[in-house]
Amino acid sequence: MDLLRAIFIDPFAQMIGSPDLLAQTIWEGFVGGVLYALIALGFVLIFKASGVFNFAQGIMMVFAALTLVGLHEKGVPAWVALILTIAVMYALAVGIERLVLRPLVNQPDIILFMATFGITYFLIGLGELVFGGNPKSMITKELFLPGGSIDLHIPGGRVQLQKLDIAAAAVALIMVAGLALFFQKTRIGRALRAVADDHQAALSVGISLNQIWVIVWFTAGVVALATGIFWGARSDVSFALQVVALKALPVLILGGLTSVPGAIVGGLIIGIGEKLGEFYWGPLLGGGIESWLAYIIALAFLLFRPQGLFGEKIIERI
Amino acid sequence: MGSAREGRDANDTFAKLLRSHVAERGQRPAFRHKDFGIWQTWTWAEVLEQTRAIAQGLLSLGLDRGDTIAVAGANRPRLYWSMTAAQMIGAVPVPVYADSVADEIAAVLSHSEAAVIVAQDQEQVDKILSVRDRLPRLRHLLFDEPRGLTDYDEPSLHALEAIMAKGRAALSDARLAAALDRRIDEGVGADPSVILYTSGTTGRSKGVVLSGERAIAAARDTVAFDKLTDRDEALAYLPLAWVGDHYLNYAQGLVAGFCIACPESADTAATDLREIGPTYHFAPPRVFEALLTRVEIRMEDAGALKRWLYRRFMAVAKRCGEKIANGERVPWSARLAYRLGDLLIYAPLKNALGFSRIRVAYTAGEAIGADLFAFYRSIGLNLKQLYGQTEAFLFVTAQTDRAVRSDAVGPPAPNVNLRISPDGEVQFKSPGMFVGYFREADKTREAMTDDGYVKTGDAGFFEPDGQLKIVDRAKDVGRLKNGQMFAPKYIENKLKFFADIREAVAVGDGRDFVTAMINIELASVGNWAERNNVSYASYQELAANPQVCAMIEKHVDAVNRSLSEEAMMAGAQIRRFLILPKELDADDGELTRTQKVRRGFIASRYAPLVEGLYTGASEASIAAEITFEDGRKGKLVGTSRIVDMAPFPRTKDACAA
Amino acid sequence: MSGEILLSVDDVSLSFGGVRAIADVSFDIRKGEVRAIIGPNGAGKTSMLNVVNGFYHPQKGEITYRGRTRARMKPHEAAEQGIARTFQNVALFKGMTTLDNIMTGRSLRMKRNIFWQALRHGPALDEEIKHRRVCEEIIDFLQIEHIRKTPVGALPYGLQKRVELGRALAMEPELLLLDEPMAGMNLEEKEDMSRFIVEANRLRGATIALIEHDMGVVMDLSDRVVVLEYGRKIADGVPDMVKSDQKVIDAYLGAGR
Amino acid sequence: MFYREAGQYKTTYAADMAIFPIRQDRYGLALILLIAFVAIPAFGNQFLINTMMIPFLILSLAAIGLNLLTGYTGLLSLGTGAFMGVGAYACYKLETFFPQVNILVWIVVSGFVSALVGVAFGLPSLRIKGFYLAVATLAAQFFLEWCFARVPWLVNYNDSGAIEVPSETLFGLSVTGPTATPVTRYLVVLTIVAAMAWIASNIVHGRIGRMWMAVRDMDIAAELIGIRLLRAKLLAFAVSSFYVGVAGAMMVFLWLGAAEAEAFNIDLSFQILFMIIIGGLGSIVGAFFGATIIHLLPIALRALPAMVGLSIDAARIDQLTFMITGILIIVFLIAEPHGLARLWQTAKQKLRVWPFPY
């Protein structure tokens, strides 16, 4: 009886009792969600264009952030480091296309999926080898990311918003918007969309598949960098972050592997959902439920929409 | 004759033999057949049961002693059993070539007056039904494989299965069972056991009648000769109607009690051979030749390492393989190399060919090339030659394991009396000797001498080591003016063993010396031409090329050398030869359909060339308007250089002989 | 045509998201007959078969099989009740050998549980062998001995079609649905396939529903023909009657145009 | 080259359907078993047995389990590590509740526990396919991992939060815990693994194996010939989890001796997955190949510098190992997407037709 009460009544009472806390939690979740969404975005880009389920996306994020910080540690000015990092991500994209995707073209999905595991391991090793394994802190100031916080007064109290988080949200939104435009307006963007449905179509647009892959992986790399910067700023930069990155997976299946808006919405649902869950129900279970709540939420959704929120419905024909 | 047979005369028919096997080795495998994916196997006991069922079924169809029962189809256990079943009830089985066309079948069936035909499948049945009206005596037509025959409405057509069921039902009645046993006992060895029709290459085919006791006697001797036991296995893939199959598989199998395996079908025979891995095997030379060609082609595609190993160790085998096989003395280093080769190449090769377990293998029927023969011998295959005839129930001569050579067919088989008639014909008396030609007493008389020897129609002579050497058909053997024996085919074969020579025609009967007209093998000579970038547009052009001529000259020289080493032949060396400007062709009637040269016809068509060979001319040309057999007019124009050869002196041992 | 009715389809309608695939179609299949379903492309033939073996569920109408009317039936239930099926574009188990594919057709009849399977001796093996025999007979019947142990993925199309038929026959079906069994075959292959179908029907006593485009084949194989066009039935009867039916002729000309 | 198949004909279906139909293969297997059961215990040193063989065998078993699910039934799972954990914790609980019962019994029973959990998390597989399912299995991974860490009951409320293995004896011979000699533990592990590998190959060669592969290759067709998809998939999950669970139990009880939740984290799942991909999907022997590469290779890499006299600090080597493993995975996938098992097959075929190329 108490348990039921603890599950179904107390939390809501709490929420109503102190809306500011609720708002605060939701905001936290929102920001987390946005960042999940960004990682998921990287997945979606690549999956749409090359049908590869890129497990390495999370690592690419960490790797990017690590490169940025690492370079700066080695005395490279921040903005140069930023440009260099972008260059590195490009090189990475080219390398992956040449050495992994091209030789494996026309292999079953599972094989490409496994290949991205290979990339993951490689990047972990490389990153630590070059920049050392110990956690680093993100160079927020140097990148002119705002610090401190602003207080927002709402009925029943106030909500504290980290300027960094606002920036993160803003950047995220800009990127999403940018990508949307990119997809809608540019020739390459259209080509990318075409590839998603049918490779021949893409070729007819006059861009070779290989180029497209490079572009996509590079874009994903840049997204990863952005994400990395903000995650890095919120916690330390180290490969421990990859677990966070894995959170993008439930976001992904929730939103549907091929849908950009799905990634955003999924990200928010997961982000906010798990924060609320952790904050209000976590204590009941001894806390730490963040680690799996996201998956359970996603799973619950999947049982009703096996193809995700925005994924196309599959009509089985024979 | 051989002591092997004393006291065993109780089993003087195959039916009795089968019964004895059930007593001695009832649970040993007797027949196998690749069917439904595995080697279905029947023990001797089961075979007896099945055979009795067929026999009783045949009786129920009203057959009786003396009737003839034709068997048409591929090697199938039940077809073999049908033969034994026929013999059980005293009827005479007549196996028929499965691939022969309707007319040939009709001829054989009507001549043998078959009352019942056991056919393998729809194909055979259709063939027989198409000539039904020419077979007034045919009463019933049985088939083994029902596929596609379910909705034939032909009153005389029965499934063998059904007949056997009938037979089984009847045999459950003790009286009938006993009656059948009595029938078997009543059968005597003197009764005709089987009628084998000679394949009709020379004239119309004749029905060779063999008696049980003689067939079994012959089989016993050779089984003892090759030490065959009931542990041996053979693959029955040769035509049922051919004496070879009836002897090597049916007769020897039933005598020695070894297991006979029937392939799934003709085109899986190679695979089935590999699976079964027989211990006792027979194949005609052309089969071995085709096999070797396949081996070489496949080795061409192999990787560099494998090719190197192959070449390296085949060389070793060539050097000492045969010596080791013949038990001659060989340096230990060579033995070592051979062992290694056996591990890396020979044994795997034999395995891939299905020869791993072969103890005794025979080849016969035509002359076999020395190199070809040596190849198989040298990788450790105990391949031997025999000489035989349907009339002898196969074995006339056979080589012993220790004395094997490619150019002779061995000493007389056990209990065979062999002699060369004054005019050089080979004649024999053998335990398995035939009783006579079916319904052709006159022909039988022609085939025998007054003192009871069988005329083989082959010309031959004994080698110093006592092995018989067959040189040619007796009627083709001629003499030079000086009385020297001249055997064209013998010389031609020696020439044809060279890959570069496709056909050869030797001339010399009634002449002063021997000459030859040669056809080059376009495949190999062309190949040579490409390697030495000799350009040519046509056969004729290539044939006229002096380099080619020189090459052929070497071969002829080699032939002369080997002739010079043989007492009987040294005088018949080739003095002059030319390369024919045209390929001999069956379509022009220059060859028979079985690719044998028609000397007379060629001699007349190429008269100008022959003329040139015997007038000292250095070249001869032919420009004759010739009519081809189909009436087409064609113009044959060509010139050939004529090459003079210096004969070799008789070698010493040849003189000694 | 005598023989009781094995299966009857009563004004069945089926649509995918508004798209009409089948509209109020009724017809029946009698025990032991060969029933052809013909019609131009997109006439809903395949959908019809999918409805019959429960892969699609019609929005309207009902199916009566062996006298039992059912609303929704799962595909495996259809299989359990003796409905087998081959597919327009071969649906074999690519990774498995010919033999295994056909053996899989016996799944329903193999009962030994996992614990016996784990031993693979005694009962499990006996069962395996028993069914292997059946499959070997089918292999022999379809003359595919030589590819018994080849993975089907590597086989040419014509043979794959045979193997698929073999798999269906292994179920010893009462009703056998064949979806364009001869598509893309040369004349010789078609003749073989026709023979197999006839013998499957006569000797193995399977009632057959057959979709086929080759009119020649349809005419000499089938006892009765039902013609669909745009999801509607436009004719139904013995081949000759259907052949001369004006609507059918138009439909085919229309398809040709 | 070593094959002499002429004369090895089959006269019964039993012989034809044997798992090792060729005599030479049977000899080969016998030889391997002989080495494993006699030579290694006799001559193997601590390092070989403890650091290489025991983990190798245990991981192979887990790989076999995952292969049944992913390779044979085509259901991609990323939760292997967690299911190994289930096995381990179940075994620990059972063993501490009823210490008197023979430990081997509990190792097997814990397999059944893990099978149950596996079925529970397999339920979604009916509706969810491919990568979606893979992610769903991640749910199992993280949830279970959390349970191991956060549910004190599982570790009997000991403050270390880890499970420690007490000494257990079998026929008076101590097989677990600090007192057990490596050789004893090795032999126990080897016996269990050998037996279960044999069982696995029996299953996949029979009706159930075909059923699984049918579901993998073409689930629709499978359903239309009467296979109940859910049953088939759940059975796959159950059997797979059973194997994985037993492996997990052995991992703690016969190898590590003690373990925390960390030991069963997602990296372990990935490791096992690599094994079957590199070893070969849908192949029992492949699992062993994969385990060799993924487990023994890093050991070799670590040992290598020392051998050639280089002194590189451990961290470096770890990082290098990571990179090389990553590269190897990609190289293997490019070289032979069907894994070492396929390479093995081709090599064997070459030997069979030797000296011919085909």
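A, B, C and D are the chain letters, set down in written order, and residue numbers restart from 1 in every chain.
Here is the rule we use: a contact is a pair of C-beta atoms (placed from the backbone, for glycine too) under 8 Å apart; a residue touches a chain by one contact, two chains touch by 3 or more.
Just so we're clear, the structure is a prediction, and the values are computed from it rather than from any experiment.
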{"item": "Least step count from chain A to chain B, where 1 means the two chains touch", "value": "2"}
{"item": "Furthest chain, CA centroid comparison against chain D", "value": "B"}
{"item": "Chain pair, C-D or B-C, that carries the greater number of C-beta contacts", "value": "C-D"}
{"item": "Distance from chain C to chain A - Cα centre to Cα centre, in angstrom", "value": "48"}
{"item": "Centre distance in Å when chain C and chain D are each reduced to the mean of their C-alpha atoms", "value": "41"}
{"item": "Approximate Å spacing (C-alpha centroids) for the pair chain B, chain C", "value": "51"}
{"item": "Whole-Å separation of chain centres (CA-atom averages), chain A against chain D", "value": "33"}
{"item": "Numbers and ranges of chain A residues touching at least 2 other chains", "value": "318"}
{"item": "Residues of chain B engaged with two or more neighbouring chains", "value": "37"}
{"item": "Chain D residues counted as touching two or more neighbouring chains", "value": "13, 220-221"}
{"item": "Residue ranges of chain D touching chain C (in the complex, touch as defined)", "value": "13-14, 17, 19, 199, 202-203, 205-208, 210-211, 213-214, 216-218, 220-229, 235, 239, 282"}
{"item": "Contact set on chain C toward chain D in their complex", "value": "53, 55, 74-76, 78-80, 84-85, 87, 91-96, 100, 103-105, 107-108, 110, 112, 114, 117-120, 124-125, 127-129, 132-133, 167-168, 171"}
{"item": "Contacting residues of chain A [partner chain D, same complex]", "value": "53, 99-100, 103-104, 107-111, 113-115, 117-126, 128-129, 133, 243, 246, 249-250, 252-253, 257, 285-289, 291-292, 295-296, 298-299, 302-303, 306-308, 316, 318"}
{"item": "Residues of chain B touching chain C in the complex", "value": "35-37, 150, 264, 268"}
{"item": "Chain C - residues contacting chain B, complex", "value": "99, 132-133, 136-137, 139-140, 145-146, 148, 203"}
